[in-house]
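There are two complexes below, and they share chain A, which is joined by chain B in the first and by chain C in the second.
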Partner chain A sequence: MKGVRVAAILFLAALVAASLLAGFLAPVSYAHQFRDLPDAAPSHQHPLGTDDLGRDRLSRLLYGTRVSLLLAPAAALLSSLLAALIGGSAGFVGGWLEAAVMAATDLFLSLPWLFLLITVRALLPLNVSPVTSVAITFALLGCLGWAAAARVICANAHKLCGSDMVLLARATGSSGFRLLWRHIVPNLMPVLSAQFWISIPVFILTEANLGVLGLGVAEPLPSWGSLLRELESFSTFSGQPWHFVPLALLILAVSCFHLALQKQEAWA
Partner chain B sequence: MRKVCKYVSRFLLVVGLGGILGASLVRLAPGYGVDEEELDSRLSQESIQAIRQAQGADESLPSYFFHYLNKLLHGDLGYSRRLHQPVGQLLTARLPETLKSVGLGLAIGWTFGLGLAMVAAMSPSGFADLGASLLASILLCLPAAVLALLFVIAQAPGQLIIGLVVFPKVFLYARNLLAESAGLPHVLTARAKGLGNLRILLWHVLPVAAPQLLALAGVSVSLAFAAAIPVEALCDLPGIGQLAWQAALGRDMETLVVLTMIVTLVTLLANTAAELAGRPTHGGER
Partner chain C sequence: MKRLNLISITLAVVLGGAGLHTQAESQLRFCIGAEPKTLNPLLVDDEASDTVRYLTGGVLMRLNRSTQQLEPELATSWKLGRAGNSISFTLRQNVRFSDGTVFSAEDVAYTVERLLDPALHSPTGDSFRAGTGKVVTQITGSNQVTVTFPAPIVGLDKLFDQVAILSSRSPKKEMAVLGPFYVAEDKAGSYLLLRRNPNYWKHDAAGRQLPYIDTVRLDIQQNRDIEMLRLVRGEIHFINSLNAEYYDKLAAQAPGMVFDAGVSLDAEQMWFNQVPGAPLPTYKKAWFSSTTFRRAISASINREDLARIVFHGHARPAVSWVSPANKFWFNAKLQPHPFDQKSALQALARDGFKMQSGVLHDREGHAVEFSIITNAGNKVRERMAAMIQQDLSGIGIRLNVVTLDFPALIERITRSFDYEACLLGLVNNDLDPDSQMNVWLSSAENHVWNPNQKTATTAWEAEIDRLMHAQASALDVNKRKLAIDRVQEIAWQQEPFIYLVNKNSLSAVSTALNNAHPVVLRPQVYWNADQLSLGSGASKGR
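For the complex of A and B:
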């Protein structure tokens, strides 16, 4: 099992490296159009063919991987920080603050994730530049995905506050910010880190859902979600298997995350 | 009784918070109180002002909250500016389709998920576990929207997709839970005394795991409703998921907020019912 985990981590590392080097590895820019070659089959010049607008699929896949694979961790970091701030302070202070935060997390957890996302997404402009749409999509994921993690962190902070270790720290004169910073936060780090890592595949899949529904990253910027949207125009599975490469890559990447994060899932 | 009151008051508090949040979203949405009629170049500034007043654009936030919640309590769910119909009518027409596909999806997901988890937890050979785990892992990596697209290409019935979204979560969670319960000392004792697998499962393993399985049931309702959006939008099923998608694309906030609140209410009810069903019927507090 350890070998499988190592292989998964290596695959993800290779994928991140390839996406970071997209500028060198991609034959052309993701937006460059070969107007005389729309929907071309794979060839030496275009290993994965071209899309309806004549854009090189391999280049779009590499740049799309960069967008999805680098911004999902950024969104996960944002949601983990929010969860640490909200859940940590609620667990530390306790009382009415904890009750209010628990009510807020109940509300957020009862709101079906996609309903909430598309509602807030609809509040924001839909006709924005591609880069702004990327920022909006992933910032929304980060800002709305804190509730489950906050609940776990709040429970852990509450437990820590009642522990012998914290009692001893209080007895030796530690209180307030010092107690929080020196004793509570370091002990919450493993849980926080687990929440961060397990959020990444969730955000990748959510972005894919939003992208397929046309509410994610705007054209011509590619992401895994917007690349998968192309499947909408197919009527059969046969004939053009290279169209399914982004889907295969998404499944592989998310599987690798699940394999690599088994320990973190146990922590969370 | 105290516990039930606590659950009910928490439920009401969350519903109240949801109502205020929903009203804020509608009131603060860009374009609130603006009507297409205002684009008519023949209208004077006074006429435009009168239209805005009629739309409530100048209303203060607290006054808006009061009127919005009052309207909701009287059954007036607002008007869809995109579909030019009262939201209540749209809901009446579309909710049954969603309830049917969500219900079917939950039934499929739970039947296969829990069934295979029971087989995997109690079977001595690991083949059932391996096969089901592999299937669940693959499905867990597929976004609901992609599953919907694949079903459209395969011309398969879209109603089954929600089952495929619910199945992996139920299977993986239930399998771990049942395996943990199957390793408890009282189960080992029962096994040592020669009890059969089925009897051990029904009498000694499932009752221990039941509260957590019930909690999962509540969560799976939320999961199924969330999956309804891409499934109905892409498979052209006329339910509230498709309506929510259309409302999002058309920035029809009034419809979207009412839909979100109704789905939240349903999932909250499911979660509260699951928590109440999972609490101990006698003995001390959990």
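For the complex of A and C:
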């Protein structure tokens, strides 16, 4: 099992490296439209063929991987930090604050957040570059995705506050910020870490869902979500297997994340 | 033993009879995208209900979707009054509704009365509302009726194509119909079954009563992929409207099933926000209200490429707000704006724009960058926007493409005016350009680039206002044509809407369906529903 996990981590590392080196590995610009070659089959010039507008699929896949694979962890980090801040302080302080925060969290969890995301996105300024737009989209995902993690962290913080370890720390004079920083936070790290790793594939899939709805990353920037939109039509199934490469990569990446974070979950 | 034999024989007869019956009954099947909102023909305002109305409703005259000419139906003849506010019909005699009730002039009077009843809020009736005052219906004979409106109505006769005549006496009310079929079964959310009207008045040349088909099953199916699969499997007989992608896929599998009827009435277009109070920087408002700027953008878009790549060749560069498919009203003198970025840059340079390091700047030094909004989830428009983005980068303009969910988009273009440019399509069902008064009058709400103007902001908008009013009050169709031609010329010169492409009308028809002649006007395939037949014997009529 350890070998599988190592292989998964290596695959993810290779994927991240390939996306970071997209500028060198991509045969052409991801945005350039070869208008004489729309929807072309794989060739020497375009190893994965071209899309409907004649854009090189391999280049788009590499840059799309960069967008999805780098910004999803950023969003996961943001949501984990928010979860730590909100859930951790609620669990640490306890009492009415914990009850109020948990009620707010429950309310937040009950919101149809895909629609919330669509609404918030519609209110954003229009004249932003695709890169800014994708950063905003993932920032929104991060801002909206903290609630479930906050519940877990609050419960763990609450449990820690009542533990013998914290009781001993209090008995030795630790209190307030020192107690939180030296004793609670370090013990919450495994949970936070697990929440962070769990969130990454969730955000990748959420962006893909938004992409399928046409509300993902703005043109011409690619992402896994926008690349997956080509699979909307059943007719794609017939004789164009290279269309499935983004889907295969998404499945592999998400599976690898799950394999890689098994140890994290064990810590949690 | 004898008893057993008797049962066997009885069963055989019953089953055999059933088999014969099944074989004899022909059922046409196709999909509609949604449940019809109403079965009352006067309240129709959605496509599914319109389908049912078309197949069941008997009308006084019908616009032949192929020739685009009016043809007599329940009215054998009609005459428009000199003032343009009245119409007299001579009605067909010995016609009965589907339930056997006799059709008479009272039914026409009743239908007009119901149609214009303010309490009913009939969307079809809205087209007939002109001036203030009462609509008077006079029955001048057993088969003569005259309807007089308070004010002249442009294209009055053509409007009756949409008016299904109701029975004034039938206990079945609007379910008693004069069209080729009647609604026999309505399974909510699943299907509608229409059955052949036994009293339908039409006969073919050989004297056989129409329609040929016994039943029509309308399956409610939103998913276009499933609709395609069902067509390929032979479970449905046609798809009325296909997109170019599906057309090509199907053409590869079954070339005999697809049909490209040519350019349709629908257009894809973009426009700039010219609302003076819009929350945009002043310099951008100046760009958008400049004819030179709009024309330069128009000349920098490769429409041929849009038609070839996005629509797989099943579209053609658009010229005007009237499609070339509209045989009478299209101004044939106009040609599509050519793709010419060099000329566009020269024109922009004359207006003070200059290129610096590959980026276009205006005379005040602002880099030319704007956003274009379109509805999310529409792959065709997203592709068009991406192509326009690349085209405009060729003249140093950065275009940001923003896809919004439809309500948010409508909010921006109609209320907040917080947008710069918009890419949308225009679905047009009406041949008469008078139906676009609500777009071209500067005071109109749908004058989207700058709606609800108290007085026309520009001289060319004032001229369009004058011409549109003139055509609306002219009874001579040739005078109307001159006015509409001129409006098309002005729109071509000023480009408040930058027309991009007119899509072709694409459909798919099973080889089992005979007499199908798909056309560009809706309903493309079943416009001659009463003459369609099933079976492999007859010619397909293509």
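We take it that the second predicted complex is superposed on the first by the 254 of 268 C-alpha atoms of A that agree within 3 Å, B and C clash if a C-alpha of one lies under 4 Å from a C-alpha of the other, contacts with A are read in each partner's own complex, and residues count from 1 in each chain.
In the analysis below, a residue touches a chain if its C-beta (ideal position, glycine included) is under 8 Å from a C-beta of that chain, and two chains touch if they have at least 3 such contacts.
Quick caveat, the model's predicted, so the values are computed rather than measured.
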item	value
Touched partner set for A:Ser110, first chain B, second chain C, both or neither	first
Partner chain(s) touched by A:Leu213 [first = chain B, second = chain C, both, neither]	both
Which superposed partner A:Ser129 touches (first chain B, second chain C, both, neither)	second
Chain B versus chain C as contact partner of A:Ile118, first or second or both or neither	both
Touched partner set for A:Leu247, first chain B, second chain C, both or neither	first
Touched partner set for A:Ala31, first chain B, second chain C, both or neither	second
First, second, both or neither for A:Ser255, with chain B first and chain C second	first
Partner chain(s) touched by A:Ser193 [first = chain B, second = chain C, both, neither]	neither
Chain A residues touched by each partner, larger count belonging to chain B or chain C	B
Touching both chain B and chain C, residues of chain A	118-119, 122, 126, 213-215, 232, 234-235
Touch list for chain A against partner chain B, complex	103-104, 106-107, 109-116, 118-123, 125-126, 201, 205-206, 208-209, 211-215, 225, 228, 231-232, 234-237, 247, 250-251, 254-255, 258
Footprint of chain A on chain C - complex, ascending	225, 228-229, 245-246, 249, 305, 308-310, 369-371, 373, 375-379, 382-383, 385-387, 389-390, 398, 400-405, 408, 418-420
List of chain B residues in touch with chain A within their complex	10, 13-14, 17-18, 21, 25, 28-30, 137-138, 140-146, 148-150, 152-154, 219, 222-223, 225-227, 229-230, 233-234, 244-245, 247-249, 251-253, 256-257, 259-260, 263-264, 267-268, 271
Sites on chain A touched by chain C in the complex	31-33, 35, 38, 52-54, 118-119, 122, 126-130, 133, 213-215, 218-220, 229, 232-235, 238
